[in-house]
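One chain, chain A, links the two complexes that follow: it is found with chain B in the first and with chain C in the second.
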Partner chain A sequence: MPRKASLHMASQTSAVTRRTVLGAAFGLGVAAAAGCGGPAPSSSTDTGEVSGTIRLLTPIFEGAEGQKTLEGLLATFKQKHPKVTVEVDYTTYAKLNEKLTTSIAGGRPYDVMLMGVGWIPPFAAKGVLADLGESADGLTSRFNKRVVDPGVYQGKVYALPIMLDTRFGIYRKDIFAEAGLSAAPKNFDELRDMGRKLTKREGGKLVRAGVDILSNDLRQTFLPLMWANGGELFTPDGKVAFNSPASVAALQLMTDIIVTDKSEDFGYTQPGAATGIPLVQGRAAMMVGHNNVWLEIEKNAPDLVKDGKIGFFPIANTRAAMFQGGTLGTVAAKSQHPAAAKALVQFLADSDAALAACKQRGNVPALKALESSEYVKANPSVQFAMGNLDSAFSEGGVPAWLEIRGDFKAAIESALLGKKSPQQALDELAAKATQVMARS
Partner chain B sequence: MRVKPSRVLLHLILATGALIMIVPFAWMLISSLKSHAEISAYPPVIWPTEWVWSNYPNAMGFAPFGTYFRNSLLIAIGHTVINLALATMAGYALARVPFRGRSLIFMAILGTMMIPTYTKIVPQYLIAKGMPFFGGNDYLGRGGFGWLDSWWVLIVPGALTPFAIFMFRQFYLSLPTELEEAARIDGMGEFAIFGRVMTPLVKPAIATVALITFENSWNNFLWPLIVTTRDDLRVIQVGLAAFQQVEKTEWAYLMAGSTLATIPMIVLFLFTQRYFVQGFATAGIK
Partner chain C sequence: MTVTSLPAKAPAAGAPPGPTRAPRRRRRLGYERRRAAWLMLTPALIHLTWWIGIPVLATFVLAFTHYDVLAGTVTWAGLDNFTEIFADETWNTSILHTVVYTFFTVPVAMALAVVIAVLLNAKMRARAWYRAAFFLPHITATVAIALVWMWMFEPNIGLFNAVLAMFGVNGPAWLSDPDFAMAAVIVVSVWKGVGLKMLIYLAALQSIPPETYEAADLDGASGPRRFWSITLPLLKPATFFVFVVSMIDAFQVFDQVYVLTPDGGPANATTVMTFEIYRTAFSEFRISTACAQSLVLFAFLLVLTVISRRLTGKDDDAR
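Our next item is the complex of A and B:
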């Protein structure tokens, strides 16, 4: 991306479009180059010792600090597997798809690829990923089932979870108390009522949003609302389901918050805004937010932590829901050293590496055992997420997901801006997604 | 001396335009010196109460930026030198050397400008990977990784641009034929006419192409990211991207890094601006 400030802004706005174009352009190349995939990695060599030089592509452990952390972990890995050398390629999630697809289409896949929730079916369906030979049921002894599921495609385990990132309700107890409210909303009606009550305007200008649904990525705000209302992204047989009445009602809720209740104005904030997170600044009473909002609170408003003024709640209506993203470790089907690659994935999914990755970003460990770790005990946001994993839902599930997901934002925005009704916006999105799925 | 109202109006419009252009840069510069609290304050704080100069060393410590700067500089200089050397010759040939199919070749060169960059990435990657005799490849380009993860792949693809050929052709077309004929009568060879008579007259085009090539190369992000895996081959733009993570953006560091990354372009423009404007103003004469 261009680094001059003006160009930088422009490039950011066009990033999704470019990514979509690139994703589509790469699709065929990946499919052609990947063929039917390769053999599942064996657990070890004849001598029982894994060996070889393997390449790792990682969108986490960025920056000097992250690299130092990963280098430390890899030194430990080297002690366990002295005959394995790991060459690391660092990237970011923003450009991970480009790196992955070019390397795969170019016939030079990475042995170990870390990727996000929702990414497994697209790459597994194209034969890019190796079956890890693990039992999904067996993994549930170490991980919550909801955490294992994103790494499973057509009954086979293609990825092991390393860390999770979650989205749920966060609220300011002090602002709630001022308004005479003692508990977080338990359903959509309460969410709207409380939102209206907590909204504050001065001379017509919004100074406090009752409920902030704009600080988080719009798709990742809509989805937990949809799940909480009983909706699903896709049917079990892989057909589009996100324009069902339950899903439309979830988008209707978002539209009502902005258009009808005016509990927040469109443009009041945006994900990653340089002006900070409104809830932290007292400019919002509650929000749908990322678990690492906690880090921002600790840094910029430590008194809120000290005085216990922050609370969390699962998004709920017909059921409780929490958005679950995360990073998973996979092995390339064409890896020349599958046993070494699998050993690295297992190492990264194990407690030491997973904990280090989570600490660096304020994220949620995937391993059940880490719930009792000092890190989790010291972070109420992470604690809440781990305690509610039974209500966690993940996006994706179909091979065309990476091509579909970028269109959600425009559809949601069109409803929030009143250009289309929620039904119309989701119907059009569903039609487009169906076309993409049929094509791929 | 009486100043015409129209002149005042003109300067007012130009000053407003200049202000609009400079505000993002000024904002970047000021933000690069703000504390984390002030950069995320609401309402936004324009003037920092505390000037955090440490953002610069901290940003530079975030990743090996010294290496990234050096790499970007070498690649940008490499691209600029190659582009100037080859595009002047190509432009001259298309403008002044009559041969069959000249127009067709020129049209084909212009046509390549219409191919979206993103559609070329995978084919270019495959070409680089299949380069014979490099990176363990045999004579058919098999068995190794060709130019991938090397300086070759960072410098050669994209070193010659169709835009530069177009610019030079237009400039060479605008030069009088008499110059060329006089040199020929004096016994100069074709290459000497090109190098010693005609090319010194297209300085504005040289400055324009040099600046644009350097800037594009300096700002290139995706290609260097895709074709390299080693940190010692990464460029400044890839380094800056590390400040933007999914969960958060290190705004102060990003602004500090962006400020430093912008300086070479500003310096280059200051030195070449006269020719640069002239180059664009006269590019379409013929």
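Our next item is the complex of A and C:
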């Protein structure tokens, strides 16, 4: 073959090869881009059988044990709906917003999102959540009304309840008895008096807090105190009310416990402290705590359970109050498989799944049918919560709540540390909240 | 190049390819090289455009809008977001905290790094081990480091308070007390950051000609005199480099603050600019406000870099 022809062919061959490679790469790119869009929308077949791959975001089912529980439940769900595949993304309530923001901003929200009670109005108002087409009255016949209502926005049901969680007073009967106290505090004055009496220091160092108000999330400690003193978060027409005299007095109580009475030192403990919950270890005589503290007591101090050394009390002053939150299942408005997603929400809210979730998390079942379950009968903390739901209050209620709630901690801390007076701290917080609500 | 200097001459018909065909071939070769270069650069360019270029552009645009991430709506806002952030006490405090953090971490860590580098540049046993030990924190995951430090700072069972208790001192709640929380974060950051700075200084020290020291020895210069008059001046270029990199690094601090003091520390005592940007965007869903905050941080870094560059440039010119 002549050299010229040979060169030309070589060049042509090389060009063709490169073109082929580039073409193949382009094809792959297009295919990959198409793949990024996810499978074609399909959720319900002609026979009514749901199908599709759906993504679930869950702030419950934490840790290895929680994951194992959920995987077991999803295996059962798969048996019921063989054509539905569930991809799970585990998170915590502390990180829930980050996951939600990034998924929504990325244009691919999770199909099923488990959320707290304060989350529904903001997300429903912005059109993120799908109307589940359920009747609120119908749900109230099956579920506890206290956790049905937070899932309803402007008359439409956007969430199905799975569980409730509560915060109330927990005390050590043995430590109370040692101090000659036979009953839990019934008002703020008694709370302070008992706190002072039960506090123990050695060489100036706190070894037992009389009242532990720091183990629980500060906002969720302040709110039941505020409600117990007659305060409210917002007025019925949606205006800020948490800097009212009753609310300021509640924050003053917390400040007095730390600053004046020294019944606990700031920094003695914190939510989720690696050192554990002081009350369980005898390093606190009473606390404002989550109902799932019972799980830690059962695990780390079973003798306290056996000997009946743990007692519960509602926070009370002008009225009794208990903080009540909950976890609800929602479906994204943009879900490509709404029928499959709704099937999963219904499954998670149903008795078997809800009971498993409550057991794993130590929470209160939302289904009325589970109120007489063995789990409830064996858990005094859950029983106490269920027995006091009449005096339960929930946070949230305004669409801007998710922007406001994060600022409570710093405001409360500034009062507890004496950097600002309770009035000043709450006034500043109220001004900021009013601004946020006006903007929203 | 001999080929290009040859006189142009028309090739005879049927003559084999000679030097006159070379420019065409070279042009083709140049074209193919350029094409190959572009092909090889393409992945990096796509990456730069997609992951850096577009987000940076989006940040600039969104900072001047009201972007509701949940509703997916965008409206023009002008300078509203900037007015809002400078009226926000938490944001202004976070700027102050960032400056305080930078003021203490950068000079302190740099001074420590110079001293350690000088010590580890001397002949000593197990020198390589010491160097590795000082560099180790830099390559260890910040989260792991922060968790260990959290245990050491723990007020009831932590190492620091246990040591203080031996002297009869009741240690503070390091990470929960607003008077100590930032100091605790700074200590961890200095400890973590000193290794890389030490390494850069070490490299710079090893490039100082030994004759300079020999001459100083002949003149009878003492050790401190040699350090102040020879070592430090000759480390000036490295110092500028370390300074610029450390300043940028300090202004972008996030991970150790996030792990050691979640939620910005007690009463926002450790809230720095990056943390506040993160909180505004991902906890409060205020993406546009976070973009405006990011631009302010960008402006800070730009000004610092330009000032440093000017100083470095003058130094380069002088040499």
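Assume the second predicted complex is superposed on the first by the 381 of 440 C-alpha atoms of A that agree within 3 Å, B and C clash if a C-alpha of one lies under 4 Å from a C-alpha of the other, contacts with A are read in each partner's own complex, and residues count from 1 in each chain.
One rule holds in what follows: a contact is a pair of C-beta atoms (placed from the backbone, for glycine too) under 8 Å apart; a residue touches a chain by one contact, two chains touch by 3 or more.
Computed from a predicted structure; not experimentally measured.
Once the two complexes are laid over each other on the shared chain, residue contacts for A:G362 go to chain B alone; chain C is not touched.
By the touch criterion defined above, A:D165 lies against chain B but remains apart from chain C after alignment on the C-alpha atoms of chain A. Judged by the touch definition given at the top, the superposed model places A:K419 against chain C, while chain B stays out of reach.
In the superposition on chain A, A:K306 makes contact with neither chain B nor chain C. Using the contact criterion defined above for the overlaid structures, shared-chain residue A:F123 touches chain C, although it does not reach chain B.
A simple residue count on chain A separates chain B from chain C, and the partner touching more is B. When both complexes are overlaid on chain A, the residue A:T92 reaches chain B alone and has no touch with chain C. Contacts of A:Y268 after superposition: chain C is touched, whereas chain B is not reached. 94, 98, 102, 105, 274-275 are the residues of chain A that lie in the contact sets of both chain B and chain C, per the superposition on chain A.
Against chain A, in their complex, chain C makes its touches with residues 68-72, 89-90, 150-151, 154-157, 170, 172-173, 175-178, 262-264, 266-268, 279, 281-287. Residues of chain A that touch chain C in their complex: 94, 97-98, 101-102, 104-105, 122-123, 126-128, 203-205, 265-268, 270, 274-275, 402-403, 406-407, 409-410, 413-414, 417, 419, 428. The residues of chain A lying in touch with chain B in their complex are 1-9, 18, 21-22, 25-26, 29, 55, 62-65, 67, 87, 89-95, 98-99, 102-103, 105-108, 165, 272, 274-278, 281, 283, 290, 292, 295-296, 299-300, 361-363.
Residues 24-25, 27-28, 31, 36-37, 39-42, 44, 61-64, 116, 118-119, 121-122, 125-126, 129, 145, 148, 219, 221-222, 225-226, 229-231, 236-237, 240-249, 251, 255, 257-258, 261-262, 265 of chain B touch chain A in their complex.
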